[in-house]
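Naming follows writing order (A, B, C, D and E), and every chain is counted from residue 1.
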Amino acid sequence: MISDPPIFNSSPVLEGTDEDQLLRVSLGPQHPSTHGVFRMNVELDGETVVKLKPVFGYLHRNHEKIAETTGYLGSMPYTDRLDYICPLSNNWAYALSVEKLAGIEVPERAQHMRVILAELTRLVNHTAFMGFILADMGAWGSALMYAFREREKILDLFEDLTGARMMANFMRFGGCRNDFPDGWDARLRTLIDHYPHFLDEMEEFLLGNEILLARTRDVGALPKESLINGGVTGPMLRAAGVNHDLRKADPYGIYDRFSFRIPLGEVGDCYDRIMIRFLEMRESLGILKQAAAALPGGDFVNPKIKIRNFKPPVGESYARVEGPKGELGFYLVSDGGPNPYRYRVRPPSFINLTLLEDMCLGLDLADVVIILGSIDIVLGEVDR
Amino acid sequence: MSADPAVVLESLRAAIVGLRADLRRNPGPAAQHSILVDPDHLLPVMRHLRDHCGFDLLTNLAGIDWPDPKLADAVAVPDDAGDAAVRAAGGFLEVVYHLDSTKTRGAPLVLRARTADRSDQVSIPSVVGVFRSAEFQERELFDLFGIHFTGHPDLRRILMWDAFEDHPMRKDYVAPDDYEYEPTPHGDVLEKARKHDPPKP
Amino acid sequence: MIPLLILAPLILLAAVGAVWKARPVHAALFLALALSFTAVLYLALGADFIGLVQFMVYVGAVAVLIVFSLLIIHRGDESEEAARRRRALPLGLLCALPVPVVILAAVSRGAPTTVEGAPVLSVRQLGTLLFTTHAPAVIAVVVLLTAVMVGAALLAREPQPDRRP
Amino acid sequence: MNDATSSPKPPGKRWSLPGAGLLKGMAVTGRNLVGSFFTKERMTTVQYPEQRAPISPNFRNFPFLVHDGDDPDAGLRCVACSICEKECPPQCIYIVLERDAEGKSLKRPKIFDIDVSVCMNCGICAEVCPFDAIYMDGEYELSTGDRFEGLLFHKERLAKSADYHMRLRPKEATQVMERRKAEEEKKAAAAAAKAAKAKAVKDADANPTASANPKPEGGEA
Amino acid sequence: MTASPAAVDAAGWFAPEQLPMLPQRLVEHLLSLTGAPEVLISIAGIAASAGTVLLVFSSAFALLSLIERKVLARAQNRIGPNRAGWFGLLQPLADGIKMLTKEDVVPDKAEKFLHFLAPVLIVLPAILALGVLPYGRDWTPLPLEAGLLFFFAIGALTELSVFIAGWASGSKFPMLGAMRAISQMVSYELPLILSALGVVMVSGTLSLQEIAAQQSGFHFGFIPAWNLFTPWGLVAGLLFFICSIAEANRSPFDLPEGESEIVAGHMTEYSGFKYALFFMGEYLGLFAIAGLGITLFLGGWQPPVPGLAYVPSWVWFAAKISVVIFLYLWIRASFPRLRIDQLMRFAWLCMIPMALLTLPAAAIWHFTGRGAFSWLVTLPLLLVPWIILGNVFNRRLAPGRRRYRFADG
């Protein structure tokens, strides 16, 4: 029986601080390391954080209202703009939800293509994360440039396949928009073989570094129960040791055919989160190898589904995908018309921020930056 | 405990005496059936689900605005057996909860709670006391739908700026066109589009 | 003599500034200015070692620490500070009265104003002197200083609540 | 859950030379520093104005209208059916059908504007167009000084020849060409068949008794 | 500097070895021809030698700002500025013009005069400190008898100026930056001076020319007799190098302007040429501290290899200072930043004890005959505590090994 969590009292000022000595600082919305237009009203006693209030809404464009006045297909390019670092996993989550809503089944080749693209997106996201977390710590962009050099190779693959490096708009209801161009899966295999060199180089650069150990050990750790209760999902949750990965917990696509493992940490501080993302990258490479090997022939989209005035039957559906940042879900309610009646996005970055204040209380301003970096938020998804 | 609503409903009825809740069938092929719970019983139901039924992760809160209840009952079909808490003629606001479990595998459990009507009685008890993850999501529903969550520690607008009055996600929301207007033909493209398929009432 | 004529009024001005200024930080900076001018005075008189040590110790350490403590307690309402200063003026003048009297007495009795004949010591000789003939005095000072250091550290360490989770 | 307690590098091992991790970090930057002079694979910088990175054939930027033959106005494939205008998510296409004097549609767009400041080059218009009239362009140097007129592409600027499309995307263009040729033949065959049937009916009128047509002709294809 | 020598050995002036003194001698020679009074000639001579130092080091500052960006770029697989001029050589000029033409914004809550004074006070000590370093065999612009003491005395002024910059800007981030800067500089000045003390003890003098001169000669023919190649000198040199990074506010210790946390620290409210002055102060301070490090531990202008006598001495000084500066750039490209309390703990718990240890080690090394035997005695005395201290420090910081389990259930 978990006792009720410390109900969030609106001003949890730490004991032992007199009011007038506080320094009120607003970190953001225009700040070098808030990963976008995100603002935190921080009250500091000297260097220690006494109170931290996140402020959202700077990038809010009411994506869900736009979806209610656009057709099902028209919303697909908008899902690229949710978490613009991993557009293909957003597309897949939306396509999965519409397929469940309309009962469409997906041919074999498309399922394999989707797994390949989702795991490539996970590599892109975690590689960029390594670069950003080091830049937040002040390593002047060296790790950032190595990470982006490798990320560009994957984005070139996306550009050849979908037409755009990031704004893929590639999944359709029942499969994908077009097939692999010739020579694409050969280049995919060379990328998979070459990627571990980059991972070894980054691990050598990152994990033994005493300064990094000092900066990330025991910073922003929370017990397992309050993380689960706070709705945290994704690498942050697994870093605390909770075995909850949707690819295994609620299998979708054809993940149950591939053998891969879920890395779990122990303490759940920033160091574990970095380490978990490293191990996840290695697992993704394993999945990619198996999926690329088992890629069947056949059509890449379900031919029976027509693109224009697509009207799913009345009903609702909630489908979710294990995105690189956590559980990305789409809840659709259809009233039989061409536009969805209600279109709700379950944003992992937004909900992972619920416990930001609990992690930062009592730590320094420099730790707040690292903790925010380790949560890995993208403002397109937080503000929708 | 498996996420099948029927089984969960039985365990809830056993645990909470005089529970007003019924099973709602999802007509679409997704077949994700849900349990409609009366707002007064929401907190005990949530506490029971978290402590005894193992649903410890509240992943998603979705708000839906139902101006006409018939459409709501078309999407979440009440089976006649249950003592359907049939609404009066007016519309209402609805909150859909998706509860997941980190211990057992499977799809999430779907719960629904409905307000009395769309204008003044729009309050639903806040579940932040039971699931801390609902805190920001409830603030978002308050901001975009106007559903008032009683017992929420810090109910403020989260996405819109504080001076904003209306609730944008309501079906009858009219977007203010007070921003400066750029004279591009795009303007009449919007008019043309509005003629093609006018937004539903 | 010329450097003395130039530097003395400067030191006086800086000292008055240090006393007169309402804002504590300005006062501290004027104090640092006064001390650095005295260091320049030592250098002008050829005592290199003393001048550099004076500059290093006073401006480098004392002034910085005063300023640092001011930075920590950066709340300070300067408004009623000026009023208090008005009331203290007569008392201050009264105490300052004997100083010009002593100076005038010394100058009228023809105290030597020049400085020749003072032994010019090189750093090496100074070092050997300090650690041979005056060794016990140096050791006493060292012990005293360490005691003061340890005392200050203990006093400053008010029980900080360890806030690390 | 098998607890394979293995981790690639046991960080914080029992006795480590302090500072060794830092030196390893410097070794990595050093290797990159030296490597950047030798292994070309590390240096990915493209000096833009002088060198240009080749765009991939599948790259899509703003759309363009395809016209057969060389006269952009006559050979335009677009029949102003405005399906793309309805399907475009941000509503940035604006089509006005050209009608002749007494209002009969000439199956040609009088005005075809794309507001490029709104278009997000998602490619849905190219996907839903049944007449292969609109495809995504590969040209990306479109900067202009004027925010309103400069970013509003009219029909003249959008129209490009079919062989430009062939040069831009050879594989896709050839498929389109074959499909159009196949339709041409089918339509020609249908027209021929219809013409033959009309001739046959005419013959029948000329000599009604000669050959009563055994079975009434179905609607033409 | 002696009065102007007779014209006959004027040929000597142009020898490569005497090149740095050339401007001073020319000015003095010309003035003496015009028959100006003696005092004026000596003042002009000093001004000329000061002018050479300023000219050389401001051009070196311009070059370093370009080379830093080039080296950082290459370490990150980029090319670095190559648009302005040939290979980017005009980039410093371009930066200078940009800085001059940028509008000089002064926040209204700032103390106007102090806000203006701070950048000047940052550049001043760096230039003064440059005057006292021995650049060649017999050329030191300001040959003081207590040169090292002068260097540290002037160095103490930078803390005051950083505080003025931070406090006078009036807004929050500079205040935080000033707090961090002072606490960092004060706590790293101590190990800096302590590690230099070993050299003073062994060479017995405070004058830098003496220290550099004493490090001549070679052991066993090829190891130069620099202070670095002694057991205590190795550790003291390393400590001095680390503390010099902290004094110059550079990479692992660039907390005062940690831009990912407090935007630009005490320099946030500055723009235009005042911002450029801050950078000039930082880079000249870097040259000064690197120059001092070379003089104390790497034998100033002593040649590293016995054979090359004809190479002028100041070339060796330039070569060594560029190697040390390259080390700074390399470190800047590869280390994240420390947190303020770790920084302080590292200074007080790790640097100062080690620095104190080098003093008895130097004494033991001196009294056991400075030969191979003394190596055997002093080296373990220094290395063992380093290992122990390092591991205790690491274990306290990074307790316990982390195990990661894999669940495929």
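Please note the rule applied: contacts are C-beta pairs under 8 Å (C-beta built on N, C-alpha and C of every residue); 3 or more make two chains touch, one makes a residue touch a chain.
Everything quoted here is computed from the prediction, not taken from an experiment.
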- Under the touch criterion given at the top, what is the topological distance in steps from chain C to chain D? 2
- Task: Tell me which chain's centre, taken as the mean of its C-alpha atoms, is farthest from chain E.
- Result: B
- Name the chain with the Cα centroid closest to the overall protein Cα centroid. A
- Of all chains, the one whose CA centroid lies most distant from that of chain D is C
- Message: Between chain B and chain D, what distance separates the C-alpha centroids? Give it in angstrom.
- Response: 41
- Message: Roughly how far is chain D from chain E, centre to centre by C-alpha average, rounded to an integer in Å?
- Response: 60
- Note: chain D sits from chain A at a C-alpha centroid distance in Å of 30
- Task: Go ahead and note the Å separation of the Cα centroids belonging to chain B and chain C.
- Result: 72
- Message: At least two partner chains per residue is the criterion; list those residues in chain B.
- Response: none
- Taking each residue of chain C in turn, which ones touch at least two of the other chains? 72
- Query: What are the residue numbers in chain A that touch two or more other chains?
  - Reply: 142, 146, 149, 205, 209-211, 213, 218, 243, 248, 261, 271, 275, 279
- Residue numbers on chain C that touch chain E, as the complex places them: 25, 29, 32, 48-49, 52-53, 55-56, 59-61, 63-65, 67-68, 71-72, 74, 122-124
- Note on the structure: Given the complex, residues on chain A that touch chain B span 1-2, 4-5, 7-10, 56-57, 60, 62, 64-65, 69, 100-103, 226, 228-233, 237, 242-244, 248-251, 312-318, 320, 327, 329, 331, 333-335, 337-339, 341-342, 344, 346, 350-351, 353-355, 383-384
- Interface with chain D, chain A side, in the complex: residues 70-71, 73-78, 142, 146, 149, 152, 156, 159-164, 167, 169, 177-178, 181, 201, 203-211, 213, 243, 261, 271, 275, 278-279, 282, 307-308
- Query: In their shared complex, at which residues does chain E touch chain C?
  - Reply: 114, 144-146, 149-150, 152-157, 159-160, 163-164, 166-167, 175, 178-179, 182-183, 186, 189, 204-206
- Quick one: in the complex, what on chain B touches chain A? 26-30, 32, 50-51, 56-60, 62-65, 71, 74-76, 96, 98, 100, 102, 105-108, 110, 128-137, 144, 153-154, 157-161, 168-169, 173, 197, 199-200
